[in-house]
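What follows is a set of notes on a single structure, which appears directly below.
Chain lettering (A, B and C) follows the sequence in which the chains are written, and residue indices restart at 1 in each chain.
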């Protein structure tokens, strides 16, 4: 399984890089300095995986034992430092990189959990946790409402779809390099199309609508 | 000890449900969508227990290995979705459900720690951590000042009392189903009465008072 | 190695005390009550070490198994309660105590990681994580922009220097009580001088400057 494990590391590192760039982009927007940019990139890129490895409980997280995981955040901070001033569409770019990280981490998180012997349901939950964990840390740290909870955005659903597909493909023995890339592309497309076309799910309360509430069901919040 | 362990799971699940409803209620107040509601419910309901299980360090947390833990957050999101629009007193309801979760988690957290071989003092600390951890995550994520630190509210003291009582009862061999229910009721009542009657402890600095400071000891904060 | 391990515990406890006071000072500034003060002191003082011990994955964290770790936060809350009202320079004091904790934790975090068998690079990363982790939790909880990301402040660089020095001294066999104190003093001085003299590193984007941006490279953020 050497080849497969190696492929998993590469997928994971690609996800780390995508998330790292999203962290450095947010740092630029928030006017952090270059150190803060590298640190926020590390937190986003490595946070989800560290949470995953701590929960699986199989020794120190890869991000701490394999120094190669430190390179993507440094690269991301450098990339944003040199190229950002010519960027036109900040939010679009952040969303695209974030979607790339999400697409790869929901796969690698689920696979790592399956490999550690968790049942498929638990593996899907952990895959989603890995995929959304880093972005959640990023947004909490930068004092933003997390994208995860933003009602203008479908964020967890693509990750959930990707993790479920991965677990199903693994269970029927059809998971390989090709299907992995297919799942990643699908999740990425799902997330980006949902964002461009402003797909929505209903609000948390029946009868309430965005930008105010429906007549006849207005909220009567009393403190 | 099968019966006892089973009772512990039931108490834990009841606490999970209470906290899950508090998460979905806050999601509704914040106008999150239905997915965000289920996710915030999961974070609150499972967060404290996951922190507890990671600290005890006895394999993957129950929330990830036992899929039954995923049902209460889904149930809570559905409950709030269908019933919230007729709710009159939002904050009261959230406080009551939060108090229910607190009352149960300070017991189960302490018991799990004692069962894992921690000393009674450590078990009390972990019980309080479990009880307040989920709510802390909830409030940080939703960008609220955590109830834990809100000087208008006694939050940690009831949890501390419940965890201490549990550890003492366990140490003298008097912990059983009946005393467990008694402790839970006591903690719940302590929390709710303290909130209704606006019981307070002193502020962090001697001589300072709420809504301004006492004459003669005014704060001279210089940057 | 009994003496060395004991010295490590004392250094660690001193760092815990410094960070605990910084937590209680922030609690006072935020008008938390005395319980919130003790809790925030605990979170700051023990948070970084708990994260470290969870990542090293060597049984329950010291803060939970050794009750002596609970004394510094209680002492800090009492200290601030009785002495704070006569304090003149709040921010200066918080920064000094925070710098003391940082100086000690970047050493003890790196040493614990080396002692657990991590490679030197990983040990440095974990040392920095330990040193900045508690303060990050403090600032996130109190809804402040973390000092770690504040572009007006050098925060991570002194910790990184201290962790690297510790790992190098350890590798060449020159780490002992004397060099430990030297490293701590150096890190403390670096942090405090950088803060007093307002040393800066460049912002996250080339060509941008603090308080607005350079002409010719103005940010064209489009949503």
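As a convention for this text, contacts are C-beta pairs under 8 Å (C-beta built on N, C-alpha and C of every residue); 3 or more make two chains touch, one makes a residue touch a chain.
Just so it is clear, the model here is predicted, and its values are computed rather than measured.
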{"item": "Interface residue identity across copies subunit A, subunit B - same or different by half", "value": "different"}
{"item": "Degree value of the rotation bringing subunit B onto subunit C, based on Cα positions, nearest 5", "value": "120"}
{"item": "Cα-centroid distance, subunit A relative to subunit B, in whole angstrom", "value": "28"}
{"item": "Per-residue multi-chain contacts in subunit B, two or more chains", "value": "54, 57, 140, 143"}
{"item": "Touching residues (chain side subunit A, partner subunit B) in the complex", "value": "54-57, 116, 118-119, 121-122, 125-126, 136, 140, 143, 145-146, 148-151, 154-157, 200-208, 210, 217, 219-223"}
{"item": "Of subunit B, residues touching subunit A in the complex", "value": "24, 27-37, 39-40, 50, 54, 57, 59-61, 64-65, 67, 70, 77, 80-82, 84-85, 87-91, 140-143"}
